[in-house]
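Quick notes on the structure that follows.
Read from first to last, the chains carry the letters A, B, C and D; within each, the first residue is number 1.
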Amino acid sequence: MATDISKPDTLLHSVDDVIASMPARFHPENCRDLVATYQWKLSQPDRTFHISIDKGTFRIHDGAHPDPSVSIESSEEVYLKLVNGQMKDVMAVVTGKLRVRGSISLAQKLNRIFI
Amino acid sequence: MATDISKPDTLLHSVDDVIASMPARFHPENCRDLVATYQWKLSQPDRTFHISIDKGTFRIHDGAHPDPSVSIESSEEVYLKLVNGQMKDVMAVVTGKLRVRGSISLAQKLNRIFI
Amino acid sequence: METTLEPTLSPQFSKLINRLNEVSDRKQMSVLHDHPWDLSPEGAWLKKRENLSIYGTEFYDLATEEERRLLSVYETGCWWHTFVIFENLVTEYYMKIINHESLAPFPAVIKYMHHFCREEITHALVFRKAMKHFSIAPFPVPDNLKDFYKDNAALADFPLKAVFLTIIIEWFAENNAMLDCNNDFVSPLARAVAVEHHKEEARHIEWGKSMIREFAERVPGFLEEAQEYTAPFMRNLLDMSTVNPETYARVGFSHPAFQDQERLFEAALFCENRDQINRRIMEPLLRFFVETTIYTPALHELWEAARFGPALEQVLARHNGRPDANDNLLDTPV
Amino acid sequence: METTLEPTLSPQFSKLINRLNEVSDRKQMSVLHDHPWDLSPEGAWLKKRENLSIYGTEFYDLATEEERRLLSVYETGCWWHTFVIFENLVTEYYMKIINHESLAPFPAVIKYMHHFCREEITHALVFRKAMKHFSIAPFPVPDNLKDFYKDNAALADFPLKAVFLTIIIEWFAENNAMLDCNNDFVSPLARAVAVEHHKEEARHIEWGKSMIREFAERVPGFLEEAQEYTAPFMRNLLDMSTVNPETYARVGFSHPAFQDQERLFEAALFCENRDQINRRIMEPLLRFFVETTIYTPALHELWEAARFGPALEQVLARHNGRPDANDNLLDTPV
């Protein structure tokens, strides 16, 4: 699994912080040929957003996508821990705190797109 | 199977004749609660049309429907024979000259809608 | 119609399931040992002549004896192949039902469904082996027949209709097969294929009937739908399994009368002999439909249109509201 | 990726298929007779202690002997249940492949797929029976594990990936099961379950490997996709089958240290003992991936990220371009 968004220099304290950090962490050279939609479905509190990757560009949208390529589900708490490097993704997966649906190939591309 | 359109008084010589005869043979009282699409896909020559039934009304459309409730496939010759009572539907089915796809419940309602 | 059963089973159903599981646990049909595979295929008849589709028509007299024998081979082979197709489809759908996990609260039911699928696959293996033995190439199964099943059974995630249509097909096919081979004239291998199949299939039918009774009582809309499509479905099944253009083509009848396909088909489908056979095959099913109210007098017209009128009246005259203890053709001598 | 194989099979593959069919024809596992079902479940160990997930960690010493034994029961039961889930899924997909009819030109392949499914269902029956015998209630299979398989295997009408992922899972699971039980300490019933399963499963693995080789050569895009998803898929499989929150919860360890779930999981997943076991399990698979170029040096980074780096380097150092004749753990003494 390679679904976490890797370790920023300063701690991100909210989902909005994470989203705000994405443009700076985006690596278009790693998704030049990719068209895919990644969705995050967070809980406690509920928050769903998705990112469309389209050949080296990305857009963030609020809400659910009808047919995302990959859907990542966890609590907000776990998500922030993963983003901040306070929890390993493998631990989140084996303890059932992180659930990933959809194409495993695409899921594992994610950590090369947002570094 | 009850997919044929029953026996008119005068012979119908073309698909256009059949379509023209439909309003006179339509029995809205037998489809008051029905919403369904019946499609005919004829060959030799190719001709596709479909009829939308909507609670006692019907409309005929040229061309294919993306998801008909029932799709009826045969050659034009067999279709006209069936319509004119010159061939039994059971014979057309067992000899593979008539093919019916979709809901069998809806298919068998057809001969009560156009009598 | 996507739904689950309530998490209780009737005591009768539980008892039935446990009994079926015990028997299926005990003995599994062997692909190798349960049939006389050493018998020669030369000159064998695979169904009795009285059950040939052309028996009792003018065409029977126009066929040579060897053509009749070949017809018995291909008509039976075509049946076997039809079994294979449906057994493969039902296994896919049953596994889908298991994987859907709606039935997880009923481990005994899941267990029997596993046995059911395992047995269906074994049957498919045996039928294919028998076809190979008698050098019968696979048949193109009539598109209509396959379509009816696929279109109507496979729709939902949890395809209850698949259970219903399957039991109908199996029961009907089973009765047909048993009638075809109960005669010394028929190859002992063909009879063994039918009889061994029957041993496991009779259980599938019992199970299926019970499931249908449960569905009819508990699943909203199930009964109403079945009341509408059962008659035309049965009629298709009956006619398409009686005659098949491919079967006649393979025999290659020499008499020119066989060129008139429509006359040949009409003769075979509507002759008195076929009517009698169909009545015997259908009688247990019609009794079951009456008992479960899948047949309802309010929709008698549908059954009439599907040409089951006279057979139904016979059954209704005899039916006094009580189900028959043994309503498949289990006792047919073989 | 929807496609069909060209209508020829390599002579080696044909020969393999015929041999596999012969063996499967000859003997079918019995749900009743092939295991010592009369053995008492009391006090039994179902895997050897060295293969307990907590062996070689501080938690092993903190557990009582009875807790360790219970862990051996539940970790094995959880495996059995995982087998059941995957065997049910693969059977649905395989039947779907059969019904799709793309493989109709290869009757021997269809035949073996039938055998394969029949055997899978029998295994599911046996595993469920063994769970019942040892009073192990069904496990909620980790959602992630099931999702990965369902999402990636079931997509197409003709799910080639199902064949690939299934063989990976079966092979891996098989190696795991054989390692777990090769010890006198383990209940003879648990060993029989593994060994009897192994007899049929080893054939499935041979078949699967050949299919994968055919796909890699003939199906456009198959290899490229496999090169990308195999490493992360394997890693998930390995980790999720090693530790499971439900298993630990059922044992109900008395020592308070077990409350720190994250520490417990981390200890179990990353200890030296587990690393050694994982290497043994993975070695034959890694060899196969190298041979088929499912592992390619260009994407070494993916394998590195999935923590297969050192194991791969070991395999690469030994691998001289020739496949190993016996690359599953067939010879593991039991």
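We adopt the following convention: a residue touches a chain if its C-beta (ideal position, glycine included) is under 8 Å from a C-beta of that chain, and two chains touch if they have at least 3 such contacts.
In this text the structure is predicted, and so the values were computed from the model without any measurement.
Among the remaining chains, B is positioned farthest from chain D, on the basis of C-alpha centroids. Chain C and chain D have centres, each the mean of its CA atoms, that are 38 Å apart. Work out the mean CA point of chain B and of chain C, and you get 29 Å between them. Our note on geometry: chain B versus chain D, Cα centroid distance of 53 Å, whole angstroms.
Counting only residues that touch two or more partner chains, chain A has none. Under the contact definition stated at the top, not a single residue of chain C touches 2 or more other chains. In terms of inter-chain touching, the protein chains here are arranged end to end in an open line.
Of all possible chain pairs, those that touch are A-D, B-C, C-D. The residues of chain B lying in touch with chain C in their complex are 1-2, 87-88, 90-91, 93-96, 98-105, 107-108, 111.
Residues 142-144, 147-148, 151-152, 225, 228-229, 231-233, 235-236, 239-240, 242-245, 261-262, 265-266, 269, 302, 305-306 of chain C are the ones that touch chain B when the two sit in their complex. Chain C meets chain D in the complex at residues 24-26, 28, 30-32, 88-89, 91-92, 95-96, 98-99, 104, 107, 110-111, 114-115, 117-118, 121-122, 124-125, 128, 132, 138.
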